[in-house]
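Read through the structure below, which is laid out as structure tokens, and then see the notes.
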Amino acid sequence: MNAGVNVIRVTVWNENWHEQHEAEVSQRYPEGIHGAIAAALSTDPRFEVRTATLNEPSCGLSQEILHATDVLLWWGHRKHHEVPDDVAQWVHERVLAGMGFIALHSAHFSKPFKALMGTHCSLRWRNTGERERVWNIAPSHPIAAGVPEHFVLERSEMYGERFDIPEPDQTLFLSWFAGGEVFRSGCTWNRGHGRVFFFSPGDQAFPIYRDVNVLRVITNAAAWCAASVDIPFSCPAVEPLEPIDSPQGQG
Amino acid sequence: MNAGVNVIRVTVWNENWHEQHEAEVSQRYPEGIHGAIAAALSTDPRFEVRTATLNEPSCGLSQEILHATDVLLWWGHRKHHEVPDDVAQWVHERVLAGMGFIALHSAHFSKPFKALMGTHCSLRWRNTGERERVWNIAPSHPIAAGVPEHFVLERSEMYGERFDIPEPDQTLFLSWFAGGEVFRSGCTWNRGHGRVFFFSPGDQAFPIYRDVNVLRVITNAAAWCAASVDIPFSCPAVEPLEPIDSPQGQG
Amino acid sequence: MNAGVNVIRVTVWNENWHEQHEAEVSQRYPEGIHGAIAAALSTDPRFEVRTATLNEPSCGLSQEILHATDVLLWWGHRKHHEVPDDVAQWVHERVLAGMGFIALHSAHFSKPFKALMGTHCSLRWRNTGERERVWNIAPSHPIAAGVPEHFVLERSEMYGERFDIPEPDQTLFLSWFAGGEVFRSGCTWNRGHGRVFFFSPGDQAFPIYRDVNVLRVITNAAAWCAASVDIPFSCPAVEPLEPIDSPQGQG
Amino acid sequence: MNAGVNVIRVTVWNENWHEQHEAEVSQRYPEGIHGAIAAALSTDPRFEVRTATLNEPSCGLSQEILHATDVLLWWGHRKHHEVPDDVAQWVHERVLAGMGFIALHSAHFSKPFKALMGTHCSLRWRNTGERERVWNIAPSHPIAAGVPEHFVLERSEMYGERFDIPEPDQTLFLSWFAGGEVFRSGCTWNRGHGRVFFFSPGDQAFPIYRDVNVLRVITNAAAWCAASVDIPFSCPAVEPLEPIDSPQGQG
């Protein structure tokens, strides 16, 4: 929680594998995908931004850092399985206590997102770089502020239905793909005391995180998801609040 | 799945610990809680009922048995942690493929239910045997068929809010407790291709599973949750369905 | 309600204007759209089917007929405003008492559907007869039984987002259109004690109601929406169920 | 909408009948219920507050005033039917365009609330002034900020289930009553581009609108519901965004 302080503490996490192993990606994102997103968020005075990556100790996500994070953005693709179970569990529990969680693109298969959803989070996919048109179907939602009725990503990885997720609390964006598919590309859920947002545009193979509308959605989401509480787990045995008559027991 | 066959294959699972270790419980349920529930369901010709318990090999829940189960009822309390992770995962995955899952009472803390919900599933509780009044707030739902507007359990364990669950797809029952608490005591969710129902009345300390309304709810739920499909996990790479123009790539 | 009787009483309502005034439509549907749908439903022994049209007394929807209807299908387009307010209100109230209501295509703007939704139910549209691909995103739902992962309507009227509806209880179908739009083409809601289903494919300009998948969806929906209860309006003043201490009043 | 201006324009509407006709109520609320609520909101610098009542021209709710209102609070009880249909419709349409709407207590039966819900909004009730305990089941929601886990209203009118409303987008508060009932006492819905909140505590017979927790909920809700957009009705015919091949028509 961040009570009395005016800044939202954002951590942008990235597995940072493609950038280290694929020349094309490192040219596209010399600062890493995390760096590109962090740079965009840093232009907004509401945010205090840090980054964390897979190869840092505890993936850069110690419990101290998580506790000092109001919203965590997550990008992963090839190395989901290398995130230790305990780190994934810390993230999960921190969300349930109040931290926001934004799962970007292939993070649909990340350990924290799958644990929060309770489903496979599977989908249909194709990476031929086709046109995606993102439809804004909830323009009054804070995450859609300033986003047009629809916008185009000329080359995007196709993610298509059926997307195996729980019915969202609210579906904000629906995507159309040139190849014939549709996708619920922006969805919100509450889990525990935390807010979760999934946003699908964003493969490493295209400069999606340079797109002004994509960055606007991510920026809006970081503000909307930010923790307002920090409520630890409890399952208390409690005294009655009203007098209980002792019935002639059947027990 | 159960296509072409007219019977619903039910498995009633119970940790079966209280019945083996507490004289009062074994007198109340000489056949075990699983036995009491199975006996009630067996009077309904729609069902083919088996039981399974913790101390059987694989908890009585081999993958073969799970695959031949259309709906699984789960009662556990003291021994959640003794259910092996792989058994819990088989159950979880079988629900996502289509099997129904009914979590009874203290199964709110069972491994499969928590994995399906993605939250702590914590609550407030008190076991002094007070009056619970269950309100039927969705009388047109199949699970509420034949259930009165409200019914009383004279002695019941109190489960109270806040119950840490995802917002239910539908809340069917709300409970009032003499001691001053309220509880969402009957809730449904879809997860993957399976239907999930949680129903809170049912502690081992009181003869809840002899109550006609409780048994009616459980019977209705077993029919409603039963699998209609058996769809395995897949995350396919797919060919386009429509011709994709090759744009002048930005990628 | 239909307790103790095994048949589902279906009424198919149609404004029946295009068929009377446009040669092309009367050739396509000599029996009327209502007749085509009724004929398809009549092949299913679960249903007892009648039709009703705008020009009949009370639009063919007297309170007696409505009370003897378990599920009402509604097709309207040009003559929504000619449905008398009291007939629309009878339909609305009968749904709240338990009757199912299936709004087909341009019935998004019908009086009963708008009253049930509480929103404008507006959308984007284009009637150039383009390809629509309907995606089945909830294959375990009874309405999707036997429906493939996706199916194509070669020529269809485009209905596109933003569709101004309350967040559906469940979104079952999403449509892709060649011209670049997407649409939540199959949605369910509970209203009062009744189930509501909206299904968008179905303009009069194309033989949509001859398509095997469209007819399967409508048939499944008629069974799923059928009334299970008949609960009249009441707002009772009630006696306490528990003794109320008289507090030292502040009032 | 209120773009570029930092203040939330609140209108508190009250039928103002009890205060004019019942000595006890006029002593309790000499300024009227509207006045009491407006006074509480006016202490918060985020709000610019006006009031409106039934006996003013157009109920004090001209289209100009509604257009200059970001959130409308509504209290009515005895005189729902005296609100002209066109005023109710202006309110309804203004909500769909973005204005927030807060229905207080017996406003469950007001014309605008019923039109937004699409259901009867009926309930069980008893006005003997019993103890109500309000449970805060979504403490991370902005409307619950600063509200304790539960709070007591020593004398309150009982509103009990079944409350005939669409399943809420989120249920924030559940109430326990001494006489044995429960109630979903705080619920949110999106309708069109507007946010709707219902909050049940508040009969004229008790000084509910002096309670610090009740006023906190109402204050939080006024901020949360405030319009962020002003989007007029449209149902546009649109040109295709992608080239449409002319299929060999079946039409």
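Each chain carries a letter (A, B, C and D) given by its place in the written order, and its residues are counted from 1.
Rule of thumb we're sticking to: a contact is a pair of C-beta atoms (placed from the backbone, for glycine too) under 8 Å apart; a residue touches a chain by one contact, two chains touch by 3 or more.
All figures in this text were calculated on a predicted structure; none of them were measured in a lab.
Set side by side, C-D and B-C show the greater C-beta contact count at C-D. In the contact between chain A and chain D, the residue numbers used by both copies make up over half of all numbers at that interface. Centroid to centroid, with C-alpha atoms defining each point, chain B and chain D lie 36 Å apart. As a whole-number value, the distance joining the C-alpha centres of chain B and chain C reads 32 Å. Taking each chain's centre as the mean of its C-alpha atoms, chain C lies 29 Å from chain D. The residues of chain A that reach two or more other chains are 131, 133, 138-139, 150, 160, 167, 169-170, 178, 180-181, 190, 241-242, listed in rising order.
Considering their complex, residues 98, 131, 133, 138-140, 142, 145, 150, 169-170, 178, 190, 193-195, 227-229, 231, 241-242 of chain B touch chain C. Those residues of chain A that touch chain B in the shared complex are 92, 96, 109, 115-120, 122-131, 154-155, 158, 160, 164, 166-167, 169, 178-181, 189-192, 205-207, 233-242, 244-245, 247, 249-251. Contact residues on chain C toward chain A in their complex (touch as defined above): 133, 135-139, 149-150, 160-163, 167, 169-171, 174-177, 180-182, 184.
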